[in-house]
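As written, the chain order gives the labels A, B, C and D, with residue 1 at the start of each chain.
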Amino acid sequence: MARVGIYGATGYTGYELIKLLVRHPQVEISFATARSAAGKRLSDIFPTLIDTPLVAVEEANLQDVDLIFTCLPHNTPDLIPLVQQALEAGKRVIDFSDTFRLHDADDYERRRGKPHPAPELLSAAVYGLPELHRTAIREARLVANTGCYPLTAILPLWPLVQADLFADRTVIVDSKSGVSGAGRSLSLKTHFGETHETFSAYNVGRVHRHLGEMEQETGLHIIFSPHLLPVYRGILSTIYVTLKPGTSSEMVHEAYNVFRDEPFITVLPTGHFPELRHVQQTMDFVLGFQPVEIEAGRMIIVSALDNLLKGASGQAVQCMNLMLGFEETAGLK
Amino acid sequence: MARVGIYGATGYTGYELIKLLVRHPQVEISFATARSAAGKRLSDIFPTLIDTPLVAVEEANLQDVDLIFTCLPHNTPDLIPLVQQALEAGKRVIDFSDTFRLHDADDYERRRGKPHPAPELLSAAVYGLPELHRTAIREARLVANTGCYPLTAILPLWPLVQADLFADRTVIVDSKSGVSGAGRSLSLKTHFGETHETFSAYNVGRVHRHLGEMEQETGLHIIFSPHLLPVYRGILSTIYVTLKPGTSSEMVHEAYNVFRDEPFITVLPTGHFPELRHVQQTMDFVLGFQPVEIEAGRMIIVSALDNLLKGASGQAVQCMNLMLGFEETAGLK
Amino acid sequence: MARVGIYGATGYTGYELIKLLVRHPQVEISFATARSAAGKRLSDIFPTLIDTPLVAVEEANLQDVDLIFTCLPHNTPDLIPLVQQALEAGKRVIDFSDTFRLHDADDYERRRGKPHPAPELLSAAVYGLPELHRTAIREARLVANTGCYPLTAILPLWPLVQADLFADRTVIVDSKSGVSGAGRSLSLKTHFGETHETFSAYNVGRVHRHLGEMEQETGLHIIFSPHLLPVYRGILSTIYVTLKPGTSSEMVHEAYNVFRDEPFITVLPTGHFPELRHVQQTMDFVLGFQPVEIEAGRMIIVSALDNLLKGASGQAVQCMNLMLGFEETAGLK
Amino acid sequence: MARVGIYGATGYTGYELIKLLVRHPQVEISFATARSAAGKRLSDIFPTLIDTPLVAVEEANLQDVDLIFTCLPHNTPDLIPLVQQALEAGKRVIDFSDTFRLHDADDYERRRGKPHPAPELLSAAVYGLPELHRTAIREARLVANTGCYPLTAILPLWPLVQADLFADRTVIVDSKSGVSGAGRSLSLKTHFGETHETFSAYNVGRVHRHLGEMEQETGLHIIFSPHLLPVYRGILSTIYVTLKPGTSSEMVHEAYNVFRDEPFITVLPTGHFPELRHVQQTMDFVLGFQPVEIEAGRMIIVSALDNLLKGASGQAVQCMNLMLGFEETAGLK
């Protein structure tokens, strides 16, 4: 049994992670930290019968574990020292924030408007997307778990880039996310009365903080419009691409053939599309596509995932399985 | 045109009140106060095109108005001085809190566990339920706008008390409320992820703070279980009563005949029940009942209202109309 | 008082229409027809206290009325004879179906794959969009009430066409609609269990039956992806356009200036977007836009309306007001 | 590996059953029948990647299986012959309808107003509630899977009956169910537009068809009010009992001690209540209680389950495990 620790167990991703790990046949949770909830149990905080104890960060003993998951809020100042300390102690780290996802410190600075807080860690980190970086993840000391929105664009677009099918490298990604994507922190944006029975766009165009990952992994120029859905789990993205004139449905299926042995990716027959219900509460990433005007190369792709599983905690377990030499799907089926 | 002022415009009741008042033919809003939003407009805060300016409390001029509405959070220390000051200045007051709803300071102290902060105001206040206290409201200087839950019990029960139909004066009120009843303040209880697609009971039995109003107005002994519904507006209460053996459907309809000229109350035919959709976004209070076992006197009543209109801001306007000598339904149809 | 008749009162658009007409100061409802519900009252079918009687078509007397609304299901064979009969009797007609929206019978045949059933009526009909065809509507005998999706594209795009701002005449319209857009007929698509807590795309690309209206009114080439939201009312469309290089925010606002006196259209400041809550239960059409890359002419527009009011029944009343010489906003504010 | 057959795979309970059985380590599905969907696969009908083939009833071979599940709509005339044929062929049967739940044919006739169609089967059937009838289920040829509403009353009340704690044997059960309880058949009652964002009571009092089971298993007299919640899964019941004066919290916990080794039942500490989120997508039955007025014996109990798992398909698998000699929790954790 491997031993793991979780920093930040009371957000939605921490909670989902614990639910996966308690069922995992080869792992045991050594500690799970919380701030205001330290001293309580998981079942005091969430609607679950799992009663994992929550401890203060000071009580978590790094020496007890082989690997840690850091599920702290974006921009927590504690993150960098914690990661450094863990790596120095020879522990492996899977981080859920967007701190280590870009490879290039200059790119980070240009996009965020401030220098990266620990460029030496940045260059060591591996982007935690097994379908693209499986070999590197196996060996990685520090894995940057991917963003949930970016996955819905990267996985459908990367095979088409590999197959050199693009005529226009500008791509429109119109994404719709459930509310759990905004986390469990209190804000009017996630207040029932401001979210239920409505729908809205936000941060449209070129400004969302996760645009960088999408462009890094695909090499494309992306126009990205996120929207907030009145559902709890799941992201569905509708993607508009202009491929080379005459690109057929068969050519696209052939490009997606690179995913044929992937345990968590399903490509639907032409003209079929996933809906959120297909993927909620699962690790499945499902995509479908429809050529719209073949001579003009116009195609629409629809992709969907559960943002808390394949889009966050489940994918982190997939990475952990690779890092610790387990079956890649262990605890995830 | 009468002139009114609103203290506390950025909660849900304040917002609904402004929406009603801007359409009211005989009233104009002289000021609407806010704390953190002072200096902004209503349309900056809510999804509305109404652009009423929001001012700090210090900028609100009591001399400008005939009547004020105080829509401040429960237990705000500013409330008592504000009400005193307004009454001394000869202004009339409709208060939305539960501070002035009980007539008896001893009853207040027994139920709340602390003395009433201004007993002299308590005895002057009128309980703002026009169907029971229309005459007193017309003359009142200070009206205590009713609670939303209590109305769903008082209106169906009071006529049966008047008609002396009860065999057992203990009544079970099982209430289900939309989330807007919990207000716009941030709390996990109103976070989308904790409310959506779930349902729960809270404060069951004899502990809810609005039990006192129900018992004061009906003289009954009430077991009250509130529940939180994943809808935005509306309360539906299912009420279990034991009437005198042999009480017939006709006798109950006769008791409800006291409401026959009420503009906002509808009693459905026997065996028909309201649902939330009947009353959402309206001033209608709708009730239906079903004798279950006539020999045993068992009857079930279902009542429904929109908690923000007949249960709060609309009823406040109804009281204002009485106080200012307008048509009782002005601005409410 | 003008007298009107409604054919098809038990669908969602018929119901909304009656709710508007009973409050309209210059109109009275002479009859409202239903099929299986004939003999009942509106309050037997819908959660309303409005008790308009529902009669069989045979009992509706065309001679009693000045104008009829036909709110029948798409493709009802009864529609054409009914419209012909009404026009011959000198009555004016507002039709809710998509039968009379295209001007050109050839265009209709090409898009639908079958000849138009009454081309002579087609050429007489006026497309019922007051903001574009106000003068023609005033005189029209037959008005084709617009589709709800098309409006969300036509109103934001037409001013930019007028101002000759397009560099690329292909436009992407990604629309998200509440479930009421699918009507009240029973289908798995509108079953709670298949719609709630999910989200899906359908008929993407070039296949939706309302594409023709959008292209006719704007002269643009449109890629259209409708999606089904788990909300009841409202449509929000996110629109991706490529304007001439260097088109500034000011130039776009100037183009939208054509709407400055429109009672039901609001253009938000640059970078602000409507959400569904702004428009639900109202006649307001709200749009906002954001230049994304000015040199490349890329812009994103977001528009929103209530599909049952500005998108259907409210707009029909707006047309009726024009046709009968009333104030355009009568009964709609 | 045991082999099982499913009759009626395209309702919600059939679908949930297949999802459980495909993961069950000791069972394989020999056939799953459908009517209009025969010839398709499960993944054509539901949002799942499970592609179990659906066959017509005529193609299902009873000889292939050890046990069948009959998940047919209530009152299907085919049910009785099918069950008879299976029992004669020596197969065991778990039936999901309410046909075999009452032991007494006279009681059935009195409650339903018509004679039981196969009284000889009725007397052979075992009520499929393992917590009360574990031994009988192991040996049963025909198990009547329980109703979902009844469970929420029987499990909390039966231990209190055993402990002889009741002062008044009339009990009020106020239940709130998600929409999936109404099944997948099309009706206005389950249309999104008639269910979403509303709440209603139906069949209140003494008329619901599942009252008989509750009274048979508890021996109490029950007043039952079901309500329809705008959620998909789960039932929460609020139960009002009058126990013997002075019944303490400890005495109640002692009565519930009979459940201490039950794998799927959790009794919360006094004053804590389940909410739907605790039980959705799980086999857990959770209950909590609160003494309200101890001298008067008044107590409120809240119970919750997932109507499709512990309330239907999961419980059927629990029964199957007992019947086939497997670990009771196999495939259910």
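As a convention for this text, contacts are C-beta pairs under 8 Å (C-beta built on N, C-alpha and C of every residue); 3 or more make two chains touch, one makes a residue touch a chain.
The model shown is predicted, which means the values in this text are computed figures rather than measured ones.
*Asks:* In contact with subunit A and with subunit B at once: which chains are those? Just list them.
*Replies:* Touches both subunit A and subunit B: C, D.
*Asks:* Counting C-beta pairs in contact, does C-D beat A-D or the other way around?
*Replies:* C-D
*Asks:* Report back the single chain whose CA centre is most distant from the CA centre of subunit D.
*Replies:* C
*Asks:* In angstrom, rounded to a whole number, how far apart do the mean CA points of subunit B and subunit C lie?
*Replies:* 38
*Asks:* With centres defined as the mean C-alpha position, give me the subunit C-subunit D separation in Å.
*Replies:* The computed centroid separation for subunit C versus subunit D comes out at 46 Å.
*Asks:* What is the distance, in whole Å, between the centres of subunit A and subunit D, each centre taken as the mean of its C-alpha atoms?
*Replies:* 38
*Asks:* Would you please write down the residue numbers of subunit C that are in contact with two or more other chains?
*Replies:* Residues 47, 197-198, 230-232, 275, 277 of subunit C touch two or more partner chains.
*Asks:* Residues of subunit A touching subunit D in their complex?
*Replies:* 47-49, 197, 266, 275, 277-278, 281, 284, 286
*Asks:* Mind listing the subunit D positions that touch subunit C in their complex?
*Replies:* Going through subunit D, the ones touching subunit C are 12, 47, 179-180, 184, 186-188, 190-193, 195-198, 230-232.
*Asks:* Touching residues of subunit C toward subunit A in the complex: what are they?
*Replies:* Interface residues on subunit C, with respect to subunit A: 172, 174, 176, 194, 197-202, 204-206, 223, 225, 227, 229-232, 234, 236, 238, 240, 273-277, 280, 290, 292-293, 298, 300, 302.
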